[in-house]
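These are the structures, in structure tokens.
Shared between the two complexes below is chain A, which has chain B as its partner in the first and chain C in the second.
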Partner chain A sequence: MTSLTVEKPPSAETEAPTRGKNSWARRLTPFGYLSPTVVLIVVLMVVPIIMVISYSFRDNVIVQDNSVFAGFANYATVLKDPDFLAALKNTFIFITVSMVAHLLLGLGFAMMLNSPLLSGVTKAIFRVVYVLPWLFTIAVIAVIWRLLLDPSGVINYLLTTLNIVSDGVNWLGDPGSALWVVTFVNIWSGYPFFMISLLAGLQGIPGELYEAASVDGANPWQKFWNVTIPQLRPVIISMAVLDLIWTSQQFALIWMMTGGGPLNSTEMLSTFTYKLAFSEYEFSTASASAVIVLLLTMVLAFFYVRQQRER
Partner chain B sequence: MTAPTTTLRSRRTLAKTGVIIGLILGGLFAGLPVLWMLSTSLKPNGEVFANPPKLISDNFSFDAYTQILGNGAQLRFFLNSYIVAIAVTVLTLLVAVLASYAFSRFTFPLSKTINAMIVSVQAVPPITLVIPYFGLVVGLGLYNTYPGLILTHMVFTLPYAIIMMTAYFNTLPKELDESVKVDGGNSWTALWRILVPISVPGLIAVGVYTFMISWNEYLFALTLTRTDDMRTVPIGIQLLMGQHSYEWNQMMAMSILGSIPVLVLFLIFQRRFIGGLTSGAVKA
Partner chain C sequence: MAIRKASRTRLIGALTAATVALALGACGGGGSDEASDGTVTLEFAQWWAPELPAGSFDKIINEFQTANPTIKVKLLSGPYASTKQQLVTGAASKTLPDVVGLDGAWVNDFAKQGAITDLSKLMTDASYDQSQLASQIQLEGKTYMIPVVNFVYPLFVNQDLLTKAGVSKVPSTRTEFLDAAKKISASGGNVKGWALPLDTAVPNGIQNDVMSWLWASGGTMLADGKPALTTPQVKSVVDYVKSLNDAGVIADGSLTMKEQDKVEKFTTGQVGMVFDSLAHINLVKKNAPDLKFTIAPVPAEDGYTGKRGIPYASWGIGVANSSEHKAEAFKLVQFLMDQKTNGELATLANGFPGNKNAKPDFSNSDPLFEEAFKIYQEGTPANEFVGLPKSEDLMRSFDENLQLVLTGKSSVDDALSKSQDSWSSVIG
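Then we have the complex of A and B:
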């Protein structure tokens, strides 16, 4: 570790002995500064991706040492598995509903926090309150909501008192509700990041645009659609794609709230892959599933990069 | 448009009331679960599901906290989390400062390619990496050790840190480091004598974010450690959930204790942190 991090770059351009040497040293200097990063990227990304792809085409990997070539058999196993297809569908619902809700809540809260009608102190206090959910680690968020959603917990108390439900509901134990409940909790924990970015975006919109709109006789609603939204568009689109990528990688929340159950109703691609690898020790099929997840993520990342280029 | 001032003013009051009601509703949505966590941590476990629920119990006590803090096994989770998160933060900052310096101050071939690779690391799903990491870490004898966790956490922290630090260095005028070279110093002295000292605000923002990511990391901590004496706080909270009957008050106390480092760092560095984050993540 130490050799990676305190490595001194090639000493460059000290006294400039000859022109040729100097220019060589000058050319190599940036690579000296980058070498720890490059080594880490190779060890932490390039090599592991090559490894997981090679695992996915072999059988008996990691736990045994007599691995054999298996072709696409592992991929066929994964793609034919009804649990995988359920996980794909659940992940799709989970990430799209979360993203839309994150955007709406984040935009709504950011606009309230940016309102010229309120004093700076009020805004500062509410900004801290609104950021709260984002400051807790997912493990904490999972236990808070398991406490709140318990059949005899405070949410059921409120709902029975208000006569919305007649009896304590086992929100996380019911296959009909569990997916929506974990999605709701993910919405609660994730909107602040949208809010912070959109707030920065709102503060960056030049006031003259709103003044010009007022001169043209625009009402607040028209200003919102014709000034605010077009100005925020680039931020909204890149946040939306980033959110889809991040939410699709959510593992801890599902694992700690439901473990993918009941009856696979909250199984995601991440929990499905994890179980194959670390509960069933089917590392070859798990690797095939992990490569499929990687490919799906690359599709999203492609849109993100294209969007960034256009800006 | 030529409405009398009175209706304009009343419309303004109406709008203000609407915004305040909205703010309070949103505040309840964001804050009530957190308040309930705090309330539960201060109750005896027998009263956690009392009907009707009480925000402040008659038997209010800090027992859950003293039970956690008096338990060596629980304290070990905290020690482990601090060791890993601090090591990740220091190493990430060191490596990122060097890389960001190269990106910010030098033009060289492959610069765009290397930069694109660093950005793309952020999109690689952890679930894809955890399988080969398991193979690698076991193969290198790093399974169930601090270095195994520290090294793998850097896959999450390094790309952000480099992107944010490069953006920060780019805001500093190049004339600053040129002045050192005029005095006979090389680029290495320019970096450590000039750029790093004036980049402290940026380093703090990046450091806080790095610490948060490592402190909160769950999947690798779950997979790459085995024994309770190597587990970090997020896994410790989960272990508390599995043990005996649910000790909800202790789980909430541990959750709060486990959140304090991040909460404190965030509140102190809020402004710098949010500024650094949005400039790094959104404009990168």
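Then we have the complex of A and C:
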């Protein structure tokens, strides 16, 4: 005989508050765990961004107590400023050329380091040499290249000794060459990150794909174009978009090498905004400029996020 | 029971995390700077300590603390540029340290923001004898900065290069300078007569290397506090700088040259003459012990016989308006301006004291300092950028227009006219 023991259900009066308490605690627990991160994000990101946006719609902010609402006046001032338009153009050239060169150099070096033609030791040596520029901080890079590119520096010495040029070239002091020179230095300092990422991507491509292509009679170029590139596509797109975002925020290199000069030829959106804020003390227009930069960067970030979702 | 225990553990974990979050949020709240025993802690932000011999500024501050046991000083030391940035943001958010190191170029902006306090009142409240101060930086009759140590910018001349070029006398007039610069540039070895740093990131080359020509001849760039850049005096300076450029005597790369590049070029013998801070004498001697050089007043216009203006920069001091301990803060100011301490600080900094009665001790320093002190006393300290609003921006706009002249993209008259308009929009 089976005996069934029925436990007496807890009385509604005694259990209801405990369940309610448990239910609330359970609901709040995740928020409790999240709270340090949420507080950090709010304090370090949300509040400053909102403050800068609010400054951009006001006049005389920070430096005076009686700031007034100015609508879009600060945006109009910034957008009509020829220096801003020059900075926008320079930034576009700087980030696009840097990104394309980073990609080409990074891919070229990554393929070389992935090549079966080189021995392990040779690859290790080249890997160290190629990654060197990435190990220097921007301040060191700026100082090294300023010294090298000085009119009486090493580069001009070599060029004149080898009779490539008769007089030393004024690399950073010439408005015609300064933008290309700082872009070159940025390319030099940034390609190793592309190289390492693409090398990881190359090493993840299954060898069977190349074998199948060989069986189909594909030549090296066809293998590169139809196997390597499609396989690397997600990495290439992610890196390209991230590089555009990072390079558009490059400030220290420009500031330390040319300060935006000569004659605004290397003025970037970052240096333009900095000068408005910390030299002219025009924090309202500087905020408007910063918000415009934020919006432009968000367009790039949108493409990055969409690409990541597709993956 | 086990489930309840797990749930309790989770809750405790979450509460701990939330407490950490609250603590993080409270981090920005700050705390009281007055201890229960009545000891007051003053914060003092400056760029002086890193520029002085290691530990020497701490020693001076310790002397102050010993003399004032109820006041403690917390030094916030950093390089000039980062101190400036820290103070600009501190001024904006009304969170300046109690005592601040100031450059004359910042005073106007900070005073207008209400970030630094009126020192005249503090001096009166403390019955301070103002007659001992060599100078005070004022705005609308109120003192906002007291120069503690002054640094002059004389002409540095490489005597070896001068001799090699066949010039027997250190140039004293503009004509003599151009002649010497031409001869040095022609002496070969990629050497140039003069260096002109016009980098726009820190455009103080306009103050130290361009306007110094103007002040040396008794000229002025202001008339009744308004810009006066289209005057014959200013025009003659820009014409003269252009003539130096046209003669090819200025070191290459001047449009992006920084002050440290100028010093480096002089130290390495690539440039024969520069205007430089006296504070750099030791640096030059340390890096080039064999370099034979001397200092002289900035050359003046031919025939000028008046007192020569000599450019200077200061380590100034001010007190934050937001400080709750202004009286204690002023005690620190008083201590640094005291005849003995001020003389000691000036000696350590290789500068000239802000207290009239203090005398720098030259016994252990380079004889050139004594020579410079004579030049300083015979001339008039001149720096019209001190006290001007947005002075760095004024220098930058002048710099950009001067660059247009030197690259042949603008005439001198147009450049000065544009600079005048630009300056008028700020101080007109």
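Quick note on the criterion: the second predicted complex is superposed on the first by the 282 of 311 C-alpha atoms of A that agree within 3 Å, B and C clash if a C-alpha of one lies under 4 Å from a C-alpha of the other, contacts with A are read in each partner's own complex, and residues count from 1 in each chain.
Criterion: a residue touches a chain if its C-beta (ideal position, glycine included) is under 8 Å from a C-beta of that chain, and two chains touch if they have at least 3 such contacts.
As the structure is a computational prediction, the values presented were derived from the model and not from experiment.
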{"item": "Touching partner for A:Gly259 - first (chain B), second (chain C), both, neither", "value": "second"}
{"item": "First (chain B), second (chain C), both or neither touched by A:Ser270", "value": "first"}
{"item": "Touched partner set for A:Val68, first chain B, second chain C, both or neither", "value": "neither"}
{"item": "Partner chain in contact with A:Val165 - chain B first, chain C second, else both or neither", "value": "neither"}
{"item": "Partner chain(s) touched by A:Phe283 [first = chain B, second = chain C, both, neither]", "value": "both"}
{"item": "First (chain B), second (chain C), both or neither touched by A:Met298", "value": "first"}
{"item": "Partner chain in contact with A:Tyr33 - chain B first, chain C second, else both or neither", "value": "both"}
{"item": "Touched partner set for A:Ala212, first chain B, second chain C, both or neither", "value": "neither"}
{"item": "Chain A: partner with more touched residues, chain B or chain C", "value": "B"}
{"item": "Touching partner for A:Leu104 - first (chain B), second (chain C), both, neither", "value": "neither"}
{"item": "Touching both chain C and chain B, counted on chain A across the two superposed complexes", "value": "29-31, 33-34, 36, 38, 40, 43, 62, 146, 150, 152, 255-256, 278, 283"}
{"item": "Chain C contact footprint on chain A (complex, rising order)", "value": "22, 25-26, 28-36, 38-40, 43, 62-65, 146, 150-152, 168, 170, 172-175, 178, 255-264, 275, 278-281, 283"}
{"item": "Parts of chain A lying in touch with chain B, wherever the complex brings them together", "value": "1, 4-6, 8-9, 11-14, 27, 29-31, 33-34, 36-38, 40-41, 43-45, 47-49, 51-52, 55, 61-62, 105, 108-109, 112, 115, 117-118, 122, 126, 128-133, 135-140, 143-148, 150, 152-154, 157, 188, 196-197, 200-201, 217, 235, 238-239, 242, 245, 248-249, 251-252, 255-256, 269-270, 273-274, 277-278, 283, 286-287, 290-291, 293-294, 297-298, 300-301, 304"}
{"item": "Touch list for chain C against partner chain A, complex", "value": "7, 10-11, 13-15, 17-18, 20-22, 24-25, 28, 85, 88, 92-93, 109, 112-114, 190, 198-202, 251-257, 261, 265, 270, 390, 392-393, 396, 400, 403-404, 407, 409"}
{"item": "Chain A-touching residues of chain B, taken from the complex the two chains share", "value": "1, 12, 15-16, 19-20, 22-23, 26-27, 29-31, 33-34, 36-37, 40, 48-49, 51-53, 91, 94-96, 98-99, 101-102, 106, 108, 111, 114, 117-118, 120-121, 123-136, 138, 147, 150-152, 154-155, 158, 162, 181, 186-188, 215-216, 218-219, 222-223, 233-235, 237-238, 241, 248, 251-252, 255, 258-259, 262-263, 266-267, 270, 274, 277-278, 281-282"}
